[in-house]
Amino acid sequence: MKRKIRMGMVGGGSGSFIGAVHRMAANLDGQVELVCGAFSSRPEVARQSGIDLFLPQDRVYTSFEEMVEKEAVLPEDKRMDFVSIVTPNHVHFEPAKLALEKGFHVVCEKPLCFSLEEAYALRKLVEQSDLEFCVTHTYTGYPMVKEARDLIKAGKLGKIRKVIVEYPQGWLSTNVEASGQTQASWRTDPKRSGMGGSVGDIGTHAENLAEYISGLKITELCADVSTMVEGRLLDDDANILLHFDNGAKGVLHCSQICAGEENDLNIRIYGEKGGIVWKQMEPNTLLVKMHEAPAQIYRTGGDRPYLGEGAQAHTRVPAGHPEGYLEAFANLYHNFARVLQAKLEGKQPDPQHQDYPTIYDGVRGMEFIVSVIKSSESQEKWFKFISEE
Amino acid sequence: MKRKIRMGMVGGGSGSFIGAVHRMAANLDGQVELVCGAFSSRPEVARQSGIDLFLPQDRVYTSFEEMVEKEAVLPEDKRMDFVSIVTPNHVHFEPAKLALEKGFHVVCEKPLCFSLEEAYALRKLVEQSDLEFCVTHTYTGYPMVKEARDLIKAGKLGKIRKVIVEYPQGWLSTNVEASGQTQASWRTDPKRSGMGGSVGDIGTHAENLAEYISGLKITELCADVSTMVEGRLLDDDANILLHFDNGAKGVLHCSQICAGEENDLNIRIYGEKGGIVWKQMEPNTLLVKMHEAPAQIYRTGGDRPYLGEGAQAHTRVPAGHPEGYLEAFANLYHNFARVLQAKLEGKQPDPQHQDYPTIYDGVRGMEFIVSVIKSSESQEKWFKFISEE
Amino acid sequence: MKRKIRMGMVGGGSGSFIGAVHRMAANLDGQVELVCGAFSSRPEVARQSGIDLFLPQDRVYTSFEEMVEKEAVLPEDKRMDFVSIVTPNHVHFEPAKLALEKGFHVVCEKPLCFSLEEAYALRKLVEQSDLEFCVTHTYTGYPMVKEARDLIKAGKLGKIRKVIVEYPQGWLSTNVEASGQTQASWRTDPKRSGMGGSVGDIGTHAENLAEYISGLKITELCADVSTMVEGRLLDDDANILLHFDNGAKGVLHCSQICAGEENDLNIRIYGEKGGIVWKQMEPNTLLVKMHEAPAQIYRTGGDRPYLGEGAQAHTRVPAGHPEGYLEAFANLYHNFARVLQAKLEGKQPDPQHQDYPTIYDGVRGMEFIVSVIKSSESQEKWFKFISEE
Amino acid sequence: MKRKIRMGMVGGGSGSFIGAVHRMAANLDGQVELVCGAFSSRPEVARQSGIDLFLPQDRVYTSFEEMVEKEAVLPEDKRMDFVSIVTPNHVHFEPAKLALEKGFHVVCEKPLCFSLEEAYALRKLVEQSDLEFCVTHTYTGYPMVKEARDLIKAGKLGKIRKVIVEYPQGWLSTNVEASGQTQASWRTDPKRSGMGGSVGDIGTHAENLAEYISGLKITELCADVSTMVEGRLLDDDANILLHFDNGAKGVLHCSQICAGEENDLNIRIYGEKGGIVWKQMEPNTLLVKMHEAPAQIYRTGGDRPYLGEGAQAHTRVPAGHPEGYLEAFANLYHNFARVLQAKLEGKQPDPQHQDYPTIYDGVRGMEFIVSVIKSSESQEKWFKFISEE
């Protein structure tokens, strides 16, 4: 029987940024229902979050252990189907592991976890189960990202030669963590964030986007990672040269000290016959530039007959009605929920619904962080991308 | 007690465009719950819509009369709080009237209704009740629209001299209604759409936007309305000169035959000291152009300290995470739901939540349609804006 | 024998804006040589201008009468070939008339002259001679304007339905003429500028651009002309509805009180099959928007194989090397000079070289000014475009 | 006595691209006069070039040696003042050397010459003379480039942390040199171009721009240089990490195989307080992005009161009248000519006129080429920038 998919949330109590984003993304398409949460270890925050989210207090928990244990014994028509983990990086592994062990599907914020060891352990758990695991590399949820991938896959650009992917932000241009700003303080704390600062927070998005669209894998890299703001404990800037498995070359740079920049993730990929340009801040436009021809402006929209299946399946409105970050995020939740519904109904999921970032994207992101940090510390020019596959 | 606000929908069965949009907008912020619907008069479509929307079949009705009657007698903790009317124009008045008469709040698609008489009748009903009535002039829901309005209200541009508002679309460049395309066929049918074609469908949005941002009222106009596509029964293009109540002059043009254009609503307003530019297709940017100074790029985002209260209250994410059409639409539903919650709790609503288009915007839109069509038919140069206030 | 074409200038003494522009435009391609000038009636300014421009003092005159008379009797291998008139509007007619009567070709600033009577008189003189007469409607000199015209002529857009042409500026937002600013003071003075303020200064450019690209003629119009700045003697803003000879409709608005705007001439033209967009401030780009297809970005550049002959003939560098206002202006002088060279050599001029605005464009501009001002004063809705052809 | 400065050209015969550009740049402001040329070693091409350029045949030479020798013995009021060298790289050194030895000033295309040895020899010759030497790094001639430099110099951005400079082109995406295309064939030939392909042709522009605007010097770099097109003899793509002398980090990438790109030189520089963005293809705009404030759009134009002296001195028209590549190029020639005029008049040159790229920029460009190529060949991660100062 068809029903909404039931979500339990770990983290995301009142005042959280990304927890609220996950909830909006889960809400948008009406396929997911928030049924419980371990929003905070502080009982009062947990309780108030439950009220704000219209949850009954018996489904509001003060630890993920309690939530997983108690939900596991609820009747099947009541208990949550999956957990959504929106805590800082150091609190990804334990709830994910426990959820998987108790038979719950998982949606997890990126980067996947704290260390490579945790990443490999989670991958093993997922592979041993028949559970779904989504890592929220949001940006591949955009329709024009899917269109770019499809064009390249279809050979429109010819063999790929060059990839330029950038992720400049400016919000950490000053030592805001010193003043206790919530978002900044855990992200710049090696005990909570892990080995990477900007590299983990946004560099992994850039890596994921580049590999997703190009269909290529980074094989080696040369990284120059910096901490520009005095007193900061993790990197806030990185410039990286890339080599890909087909011989293509590339550049990836990410930064949180590009003062005045917002969230300017963007990518350009060039092949023998043409190139594509996509910018997250104008996400409904994909420039397709064929050699010596007028550049073409591909546009998101259900009424654009020239778009491929991937783009069509991930857009909701006609062209000119801008879709944004929350819609891209919702595409992850929508697909994830649809796959779970198919499983519930014993059907084969629609391949378009299976197009969301998985545990493998999450592991690759963790490998990227370690590779970049180690490359930067090394005097070796080319550092082999660490990958235990 | 705080709870989600319960919505019943009129229209919006499977395949509907705007019904799906309303549901996503209502879903996004988790304040509204769809509890029932009269999605279609065709029983099978109604039934399937109910399944797709996870509704119990006893809350799926096959007429709005049935829905309103039956919901009215449900227990208070179960029955819908408001109806959302997403049918073509000729089916706005009856369900709105009935809902108001039975004590339900109303959200209604624009234009408000079919004729000016209906509009005035609805206004009277609302004024005689203590019910809320929202007309979905979506575009004023954008944060940068509110910022523009606030800047002008605060006198930043000085006295306003000129307003240019445009709404070019291209989707009706050919006679698509002849092939039975759903969206096109009722919009070009005077029996379902009313007196105006493009003027009603999109011209009213432009009028609403111009008056909302500028704080001015159109007092007279000179319209040149055309039907460019052979065989079409309503207008598909209009060019209009405007006079405002403070002496400002303006131009409004809207079209559905600007082949190649998507949904390019945009506005420019100039005062003695500077101007603003806003474009719906890049909605997170507001250009503020002060005389002889560098133009400034104001940007949506919860982390933009320079933004005013209106913009801040209607944005969900930090700058650089694009918000779009569905978020603007959701701002209407969010505000509407918050006002209803305040009423339930016996509290004074937050003024920011009261900032959604009301019955008065709806009436003004109807007056605009009639004024434009009559002006176009007239040999008189300046036609007094029809307004029974 | 091939030689540079020799120019004498009327007006354009030190401190002049447009005189300097004409000289740069004439210089750029090395086809024109400045040989003499009546730069100013003030002897000291004239003398100093001659020094600054490296002219011998015996070719520096203090009146156009003196210049024309004296040059006319110089030996053929020395005397000027044409006069370039860069004075305010009220000093166009007399020097142009005298030059034509003495057998000199003429380049004249726009608007052509002070009154319609003068315009018709000049046209008659030109028609009775075999002399060339160029009116510097600069903006049709841009390569992408020529491309747009050629695409439309070739039927790419189908039958034209709508034309939107705009010319907003902001530099007269305050009463700068009161402080004696040179450019402002004559342009706002009916004794020097003529009947039109913004309508003459920039409205004529918009009219010329629209008719040039579309290939259509305005047949009637409805104008709303305003003076927004207190104390100003001529109009500084105009909004105009247009009817064209093929049934197309349009809007033209021009303004010098759009505070914060620079020189934003732009045009959009829509036909049955698609549209074009061109903006003077990004002149090397022409958007070609075909219905339901990705918009295409046509770009100036000698290496763009898809461009037509008109665009190719009026560009100097490869794509991505921006060409601007002075190059567009130089295209007028280059073509004019090449036509004179062809005449000197007894050859048929290259049709591409004959593509510069002539006395007929100048006359049409004057008819436009009078039509707009009279329409604005009239209570008649549709005013027949005055044209004595 | 004030007079035009007299130019003799080496190279630039009919069909040459860059020779024509130099002539237009020299013409624009009317300060320079072409008086002679060694346009080609083929007598017929030389002769025809002389005719096309309206030169007497006795000033048309068939070798630079002949030109320099013969001009050197002409009377002072006739002979050229400087040579402009527009030949391929391997024919820069000899004519420059000879010209300097005979007392002529020099304008020389970039890169300065063929080898580092030649560069140092030329520098020595210039230092031993009192002659002016301009290397045409055109892009620093743009007014907004000067504004960016001045803002940074004045400390507006605070200490500089990051520099991203890009120069993507696409015109060598295929093996066009195989078909004998003139521009491609010498640029890809190590015997005529030197050690660098894209690195020399465009990478040096990027390096020059970055150091000019930032005021910083590259101290070490890590280069990844590629030849992507099969059969090509020189590099066509380079990705480079940069370290600057104040601790700033950076990325420079240049490419001629970014299919679909035109000439997209651009730069972003970030300091502690804000950033700037400049793009050559929209050269009249400089984005100034201060941390947490609305970005500001600085614009070229003589009427922009907020611009600094450098920008004001290098613009010719009011804002909104686009200036482009030829105007930037003309700024080099104009400044160079003004400095020579000042010398002729025995005056101190205006510091703004001295702002053109000199022999030192040329030498630095050659050092950059060698450093990049050697770094790329090296297994060492960080390669010390070769500089013999």
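By written order: A, B, C and D. Residues from 1 in each chain.
What we mean here is this: a residue touches a chain if its C-beta (ideal position, glycine included) is under 8 Å from a C-beta of that chain, and two chains touch if they have at least 3 such contacts.
Fair warning: this is a prediction, and the values are worked out from it, not measured in the lab.
Asker: Between B-D and A-B, which chain pair is linked by more C-beta pairs in contact?
Answerer: So, comparing the two chain pairs, more contacts are at A-B.
Asker: I'd like to verify one number: the distance from the centre of subunit A to the centre of subunit B, where each centre is the average of its C-alpha atoms, in whole angstrom.
Answerer: 34
Asker: Would you kindly tell me how far, in whole Å, the mean C-alpha position of subunit C lies from that of subunit B?
Answerer: Result: the chain centres lie 44 Å from each other.
Asker: Taking the mean of the C-alpha atoms as each chain's centre, how many Å separate subunit B from subunit D?
Answerer: About 55 Å, centre to centre.
Asker: Residue numbers in subunit A touching 2 or more other chains?
Answerer: Correct list: 261, 288, 293, 295, 299, 303.
Asker: Specify the contact topology among the chains shown, as one of line, ring, star, complete or other.
Answerer: Chain contacts: complete, every pair touches.
Asker: In their complex, what parts of subunit D are in touch with subunit C?
Answerer: Those in contact with subunit C are residues 2-4, 17, 20-21, 23-24, 27-30, 34, 51-54, 169, 171, 261-264, 280-284, 299, 301, 303, 316-327.
Asker: For the complex, which residues does subunit C have touching subunit A?
Answerer: 288, 292-299, 303-306
Asker: Taking the complex as given, what residues does subunit B use to touch subunit C?
Answerer: That would be residues 157, 161-162, 164, 166, 168, 170, 173-174, 222, 224, 226, 228, 237, 239, 241, 243, 249-251, 253, 255, 257-261, 268, 270-275, 288-291, 293, 295, 378-381 of subunit B.
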